[in-house]
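Each of the two complexes below includes subunit A, the first together with subunit B, the second together with subunit C.
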Partner chain A sequence: MKKIFFLLIIIFMSTKLFANEDVNNKILKNLRCLVCQGQTISESNSDFAQIIREVVNDKIQEGLTEKEIYKFLSEKYGDWILFNPPFKKNNYLLWLLPYLLFIFGGIIIYLMIKKGLIGKK
Partner chain B sequence: MKKPYLIIIYFFLIFIFTTFYFSLDNKKIYDTESIIGKKINEVELTLFNNDKFNINKISNYKYTLINFWASWCAPCRKEHKNLVRLSKIQNLKIVGVNFKDSQIKAKEFLEKMGNPFFILTKDPEGKKSIDFGVYGIPETILVNQDLIILKKYIGPLDLKDVNEIKKIINK
Partner chain C sequence: MLSNFGVIFSSIALITSFILIYFSFLELKISDSKIPKKIYNFSLAQLIFSLLSFLILLIGYVFSDFSMINVYENSHTTKPLFYKISGTWGNHEGSLLLWTNILVIFSFLFLILTKNKNKNFKILTLIFQNFLIATFFIFLLTNSNPFSPIFPIPNEGMGLNPILQDPALAVHPPLLYVGFVGSSIYFSAALAALISKVEAKSLATTIKPWVSVSWFFQTLGILVGSIWAYYELGWGGYWFWDPVENSSLMPWFLMTALLHSVLVLERRIGLYSWVIILSILTFTMTVIGTFLVRSGILNSVHTFANDPSRGLFILTFLTLMVFSSVFIFFKYAPSEKKTYRIFSKEFFILINNWFMVFFLAVVLIGTLYPVFLDTLVGEKISVGPPYYNFILAPFLIPLLFLMTSGPRHKWVVSELKKIFNVILFLSIFLFLIIFFIIQENNFLIGLILLFSIYLVVQTIFDFYENFKNKSVNFSRIISHLGFGLLIFFISINHIFSTENNFNIRTGEEKDTKDYIIKFEKLTTMSTTNYKSIVGNFKIINKKKLNTKNLKPEIRFYNQPQTITYEASIRSNFFSDTYLTMSNISDTDVFNIKFEKKPFMNFIWFSVLLISFGGLLNFFSRKKQI
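Here is the complex of A and B:
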């Protein structure tokens, strides 16, 4: 009985540990290394990336959520540090353009089919 | 007959032109704009004698420069004489944050080059500097009594920066 109990504790602890590691990796892959060329914090070996990795780990241990960590870092370094910037009025075009292109393209295709320019042999 | 094709071509030409127009103007480097005007967070730093120093205490001074430096950093050596110049200005105190450095070497550096720091703290792991948005050294932050960041300098302070700081303080 004791063995099963300890086994359950170990399983519980390890799932918690792996969950933290997943969050950690996810965050590090979404952070830009400011001193490197197009590398994430996860990939870079720069001094800056190493410190950020340690800080992110500390923040996770302190119980901060993924969003709170992004908020903390973007307050210090701006949204430029995030590979996935939040929706803001100065980047709305970046977010909406693919959808607009999709709708616009759909309309054009629809009109072309309607006028018989495509779809008929 | 040709109208839909023309619309597509025109649309893509406008799209390419707009993309280039905006992206060529877009600076792909980190700048300090995001932190200017923001209040610095409450951060507890460690003094050289291992006592704690809460950064909020700088609200006792009219203006404070927080300088991040190290004895191993060549540009820090270059800017040091300018920090010594600035340390003689009334209403301005300089807080030094010794970044990832050996305390002995830092002390030797200051003995040799002069000590412009009113308060000298250390950040051996470099983690505290992240709270100030530092990503390399030397970096310097000018803060007012309300702990609002007025200016941030990336790289060594030159004479132009010294004059600018003087101008801000004498306003």
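Here is the complex of A and C:
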């Protein structure tokens, strides 16, 4: 049981590790083109997207990390520009509700098979 | 002229649904085992008038009759005939008429094809269907009339949005609508079954073919939609977790859950109430999807036109529908005391439902959360691919494992299969070879690859084993195989896709790691409905020393005046080469996006396999009857 638990933790942690991907492209893919409809900066051909691409490029040259670039852009344009909503007060529910629902579903299934379990043993 | 006929025909169809509701109600009290002729006749009349009203709009489009606002706003005389026809459902009003027509066709087919002996069950289903039909016709005639006249009659139309002028997008809405509207049948049947106390097996056999058919079309519809997005939008992807895409995916999760739990119901093991809840939820989800798309409360590429009053109508309808369903459910739902044994087939189906509902919840939360946050707090946030990938990807691993193991268990009996068998070791061996070749160091993707290989290998082995025993469940084998392959190829595609973004002038060339991209020249082209600038690119593969010519375009459509960026895609068996160009304003510099996307064809093929399983499920039903 402990092993499984440990394995699960590794699986969930590893989502965070996106190794080897070109940081520049990755950042552009996580930014919304504000003048378009639902496009990312990476996908868009608009002038706005061209400007943001330059900005991101410059910031990388300046030595800013990925997180610092997101922070810089969200301070300027608001969280609307980030496709990965930050984990903060207003978004706790967004990030946690799915997991809570999953656990809730698990409890329901446990209750459904509980009788069968007793019968078996 | 045409306009009047259209309104008359659809009004007659509306009136027949009221007549049908009236006669059906009378019929409920008569304890005769046969459904009277007149109900069949009125249904046929409803079908004919409904189809006629659609035909009227179609004629309007084919002959460019601009006396109807709808044709004037969405068509043009110079448009090719194919797009004149597909333009019929390329707009809100027309697509609503198509939706309603499919609803009528399905109701009629249900009436004549269903062999269920319980008369009141059939009659009640018909009543619920006709309430839906009537609502949609009322919506059509009062709020979204495709036949509205315009005076004075314009000489020329405004044209169809160019990104909709595409063969994939011509078939995409009808496919998806058959999937969407197909779910209305089991919605109505579920409510009818509650009231008329239909027995479990009888309900299951009645709705099963409809679930398979709608699931099949829904899957195909989603596939065609992504293929369209891939080559027409020119964004270099095929799934963007866009709210409108999500609206088509959400009912799909529920249909998949239903497709599985109907099997449990069919064997009288249990889940009667749950199947009914799922049936109600699925159709509710399709209406919510329609609401989200049509009301325009979502920011998306796909919301071409929107209007709050439509949203209000659908929202009212939705509320009424949900409340009456909940009322009927709690009034009539039987109490259920079944035992479910762990490690039996039905146990794994429960788990499948658990995952499907979870996936639905994630997508629903991701789609609606920003809307609620904006309304309640006034804060705007975006929920995009990183969110969905982060939450959903880890859950793929247990899902893949359960898909491998679940189907091998027996009904009712609790039996723990050995996990460590030859197949698993064979899969691990295969995985290690692949792992060695690709050298991917992301642990999560590694695990997803491993478990998708395991699913594929085990499914092939199951097929071989079943084939020896001459009892092959083709539909599950093919669908599960398709899903394993899909996840495998999506992961591989994710790992190996490369992308280069750069600015370039004509005559220059760009040297990347594996390719040299030469921008040879610009040419111009013009046809009846657009002019375009064509970039001539030569892609030289440094290793293989072969060259490919790619010609992305920037098109200037005249009707309506729109600029579109056409990707140039060279699709080989193993890999796609993808190139888009856009000009940077007031300069002679072009921004180029060059991508290599491996296994795209394999991804499409896997989804085809998945959907094909649904079709087989439908036909295998017929054999058993």
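We adopt the following convention: the second predicted complex is superposed on the first by the 93 of 121 C-alpha atoms of A that agree within 3 Å, B and C clash if a C-alpha of one lies under 4 Å from a C-alpha of the other, contacts with A are read in each partner's own complex, and residues count from 1 in each chain.
FYI, a residue touches a chain if its C-beta (ideal position, glycine included) is under 8 Å from a C-beta of that chain, and two chains touch if they have at least 3 such contacts.
What you see is a predicted model; the values in this text were computed from it and never measured.
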item: Contacts of A:52 with subunit B and subunit C, given as first, second, both or neither; value: first
item: Touched partner set for A:111, first subunit B, second subunit C, both or neither; value: first
item: Subunit B versus subunit C as contact partner of A:29, first or second or both or neither; value: second
item: Partner with the higher number of touched subunit A residues, subunit C or subunit B; value: C
item: Contacts of A:102 with subunit B and subunit C, given as first, second, both or neither; value: second
item: Subunit B versus subunit C as contact partner of A:40, first or second or both or neither; value: second
item: Touched partner set for A:75, first subunit B, second subunit C, both or neither; value: first
item: Contacts on subunit A seen with subunit B and repeated with subunit C across the two complexes; value: 47, 78-81, 101, 108, 112, 115, 117
item: For the subunit A and subunit C complex, residues of the former touching the latter; value: 10-12, 14-20, 22, 25, 28-30, 32, 37-40, 42-43, 45, 47, 50, 53, 78-85, 90-91, 93-95, 97-99, 101-102, 105-106, 108-109, 112-113, 115-117, 119-120
item: Subunit A partner contacts - residues on subunit C that touch it in the complex; value: 233, 235-237, 240, 242-243, 299-301, 303, 339-342, 347, 350-351, 354, 357-358, 361-362, 365-366, 369, 373, 377, 379-387, 389-391, 393-395, 397, 414, 441-444, 447, 499, 501, 565, 580, 582, 584-585, 591
item: Subunit B residues within the subunit A interface of the complex; value: 1, 4, 7-8, 11, 15, 30-31, 33-35, 38, 100, 125-127, 129-133, 135-136
item: Subunit B partner contacts - residues on subunit A that touch it in the complex; value: 34-35, 47-48, 51-52, 54-55, 58, 74-81, 101, 104, 108, 111-112, 115, 117
